[in-house]
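By written order: A, B and C. Residues from 1 in each chain.
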Amino acid sequence: MSISNAQATPSIQICRIMRPDDANIVGNVHGGTILKMIEEAGCIIGTRHCNSQTGDRCVAALARVERTDFLYPMFIGEVAHVSAEITYTSKNSVEVQVNVLSENIVTGTKKLTNKATLWYVPLSLQNVDKIIEVPPIEYSSPEQEEAGKKRYEAQKLERTETKERNGEIIMSVSLPEPYTVAFSQSSLIHLVGPSDCTLHGFVHGELHSSQSMSGVTMKLMDEVAGIVAARHCKTNIVTASVDAINFHRKIKKGCVITVSGRMTFTSNKSMEIEVFVDADPLVEAEKGKYRAVTAFFTYISLDKENKPLPVPPLKLEGEEEQKRFEEGKARYLQNKAKRLTDKERQQ
Amino acid sequence: MSISNAQATPSIQICRIMRPDDANIVGNVHGGTILKMIEEAGCIIGTRHCNSQTGDRCVAALARVERTDFLYPMFIGEVAHVSAEITYTSKNSVEVQVNVLSENIVTGTKKLTNKATLWYVPLSLQNVDKIIEVPPIEYSSPEQEEAGKKRYEAQKLERTETKERNGEIIMSVSLPEPYTVAFSQSSLIHLVGPSDCTLHGFVHGELHSSQSMSGVTMKLMDEVAGIVAARHCKTNIVTASVDAINFHRKIKKGCVITVSGRMTFTSNKSMEIEVFVDADPLVEAEKGKYRAVTAFFTYISLDKENKPLPVPPLKLEGEEEQKRFEEGKARYLQNKAKRLTDKERQQ
Amino acid sequence: MSISNAQATPSIQICRIMRPDDANIVGNVHGGTILKMIEEAGCIIGTRHCNSQTGDRCVAALARVERTDFLYPMFIGEVAHVSAEITYTSKNSVEVQVNVLSENIVTGTKKLTNKATLWYVPLSLQNVDKIIEVPPIEYSSPEQEEAGKKRYEAQKLERTETKERNGEIIMSVSLPEPYTVAFSQSSLIHLVGPSDCTLHGFVHGELHSSQSMSGVTMKLMDEVAGIVAARHCKTNIVTASVDAINFHRKIKKGCVITVSGRMTFTSNKSMEIEVFVDADPLVEAEKGKYRAVTAFFTYISLDKENKPLPVPPLKLEGEEEQKRFEEGKARYLQNKAKRLTDKERQQ
């Protein structure tokens, strides 16, 4: 049976029903569940596109996720529709834009809940340290291509600039006071298993786990940030947005990853949590631990009608915490200003 | 944002990457994984359609799956595309036709692997015993409607026939009496899959499943013990303690393990369950089954306030059961004495 | 505590939120979930420690868990904190002590729910039958070391005793002969949990699990059929087709389902397996067990190039089995004829 060529239209849609495990106890779907679906869609479309020409077989590895807002909460029983489209290609990278809709199949209501932009880099299956060339896509207009190029240059600059922020989370001996950073900070440890890896291939009949575990990592980051937020405000909390995330180094099967989160800033109705991911190869001990990812998550607190609640202010201790708070405030004000500009532009 | 009305075109497509857990040890995706995806697609489209008119909210419950052939095997790393379409509606039922394609996103190959026909009945959410009316769909021709009606009549006839045949089945020649050992004893089989294994390593580029599955085994042992306890006392039960467990032999990926539990002893407020784990290497037949682990679990029964409830005494049949009960009693008294000593020592 | 040097202080803490799937229907976390987390912590710390010196890479394999008490029940939504510490090392084994705390992140309440002691043995990754040497830990006092040594000697003695006792166990009074129906027949039990249910809804703010679990049931049916087929022919097997399946009665959350399979027919290159699903409402005892679903699965056996292999013929015992074989043959011939007709019609 012949099926029309998928490469011709570089887009994909994945959808599934949200289950109890995808959500917290009051039924709000975790932001991490959605981030994981977004990454799966991006990985499929990116890998498919980069293999559409002859040459080395490859997989698309996630390099960066742009800042993402969660516009509405999603609930258990709703269907999440994730559609992804390739919007720009440079010589060695692919930009994927993803939209997420929630559909209540009982009432028929549909809402746009997320928009995300992801950057992928194709790694050869023969040699995972080799980056291969990306087949170019066609643009509907020169303006479209030009706008893509600008986005590409901007993210490249930011990616190079991102330094490995070295915040070490120190677990305190004495019980910290409520509303301090130390009180809510949390970390979890996860042993990377086979089912964590997104994409696999058979090479010469051998199963070859070729993909890093970016989707799972983002889900765990959201889980830790959520625990920090819940500890701070003791209410039902949901992910409001995620800052740009850069994936500097691969995380492999057999690693133990430590995901740590600490609150950096609170506004009247939001909390910013900084999340670190450290990977430890465990068996290959000589390689040592390394910082794999860092990001900022913003959470809001909701009442029973899913309306935002005031957030208790963060109690700061010491200069370091004060400095991080100021930086968080700057990010908060910048994003607020950006949202206003976007709104005005749309009107 | 406005989204085009899905009810107009009653079709859906779901897709996801096949993972190691979806497949057997040589990489063939289980038929059951595909059946589950087919049912999810059918349930989404059926529920969506039956709620497309005003009236009672409902969910589509699966009533029948027609004979289904698996045309080609699917593999780990391929993307399964499941598309579903409503092809006939009677007054109270919906026929959904589903196609499954496998796509190798690296080579671009696509194959039709399954075709299935499912029948759903909409049940009211207010009253799950009430079947509601199905909104009619439009047919492209009277012949199409006529063919659908024929399929509907044929499956209805077959369903009524099977129902009668099933009614005759006698569950067990002689059902064991409540509160006996035979009444509550239970066993489960589990096929050891990739995600059951705790730790893995790559040795010379080969995936090497190096860790036994002790954690998973203990979880299954507790599951079986819990079912035995619940069958005995028909209340909410929780694990109170586990005896020392020794792991003498490794359980490997691809084994089938049988976990069996039987009640050995009851005190006023506790039940002791003996659990056996037998491993069967399945493919390496010459090795044969072996007993891998045994242990004793103690359960208590709780009321709604989580307070211990009295446990119905175990009815013993035969000398063997009497002997095991006495041994259980000895363990019970010994642990009780030990707990007392520990308490006194702490004071 | 400093994150950087993990090997220096052989301790670890893992934590995660308890989810609906970790618990029974009234919200008590299964003892098995906690045992599995305990083992994960033990395995990580044991493996890390045993790889902290130069020499063979290894993994820590669980050899024994000491008697464990569950002091308080844990609930969905609480965070389980599992901390593990190496407390003794002999030449070839590691003692790990684990504490489990439950934390209610909303009220801030913390409770010690478990204490466990595990013994690990490091197995070489190059040769899993080789036990490697354990790097010694430092003790704070000679008394501490002495106490550890006593625990080591005590568990060693008990392990040897159990091993001898287990060796005596006779697996089955009379093992059925290969290729008979009795030889390959299998059954599993499954406790229907929240994430098994496909669709849910919120009715008056209450999560209302409204959908039956047809998809999960079919997956389990295929799993049992696959185990029967693999036990019969000891090769790689795949689902070739499934007969029509009728769902007469709903299976609800909290039910235990028993899925049983037996081989009914073999042709040269296929096996037919009959699968039964029985549901037991467990707590609502008055309702009793009922047969929920039956179906026929056809499997084929594949070689390494995914080509069909001959199937060993089924050895029949008694009239019943003979009768079922004839019925299976009739279904086989009918389907074969139908496939031929379909092919001709398409030409």
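Observations on the structure shown:
Following the convention adopted for this analysis, contacts are C-beta pairs under 8 Å (C-beta built on N, C-alpha and C of every residue); 3 or more make two chains touch, one makes a residue touch a chain.
Owing to the predicted nature of the structure, the values given are computational and were not obtained by experimental measurement.
Counting the residue numbers that touch the partner chain, chain A and chain C have less than half of them in common.
Across every pairing of chains, the maximum count of C-beta contacts belongs to B-C. If you average the CA atoms of chain A and of chain C, the two centres end up 31 Å from each other.
Centre-to-centre separation between chain B and chain C, using Cα means, comes to 11 Å.
Across the assembly, chain B contributes residues 40, 43, 47, 57, 59, 125, 198-199, 201 that each touch 2 or more other chains.
Those residues of chain A that touch chain C in the complex are listed here as 17, 19-21, 24-25, 27, 75-77, 106, 168-171, 178, 186-191, 205, 223, 227, 230-231, 234-235, 256, 258, 260, 278, 280, 282-285, 289, 304. Only residues 24, 26, 28, 30-33, 35-37, 39-40, 43, 47, 57, 59, 61-70, 73, 123, 125-126, 128, 155, 158-159, 162-163, 166, 169, 171, 186-191, 198-199, 201, 203, 208, 210-212, 214-216, 218-224, 226-227, 230-231, 234-236, 238-248, 250, 256, 278, 280, 282-283, 285, 289-291, 294, 297, 302, 304, 306, 335 of chain B touch chain C when the two sit together in their complex. Here chain A touches chain B in the complex through residues 1, 3, 5-7, 12-17, 40, 43-44, 47-48, 51-52, 57-59, 79, 101, 103, 105-108, 110-112, 125, 191, 193-195, 197-202, 206-207, 209, 253-254, 282-283, going by the rule given at the top.
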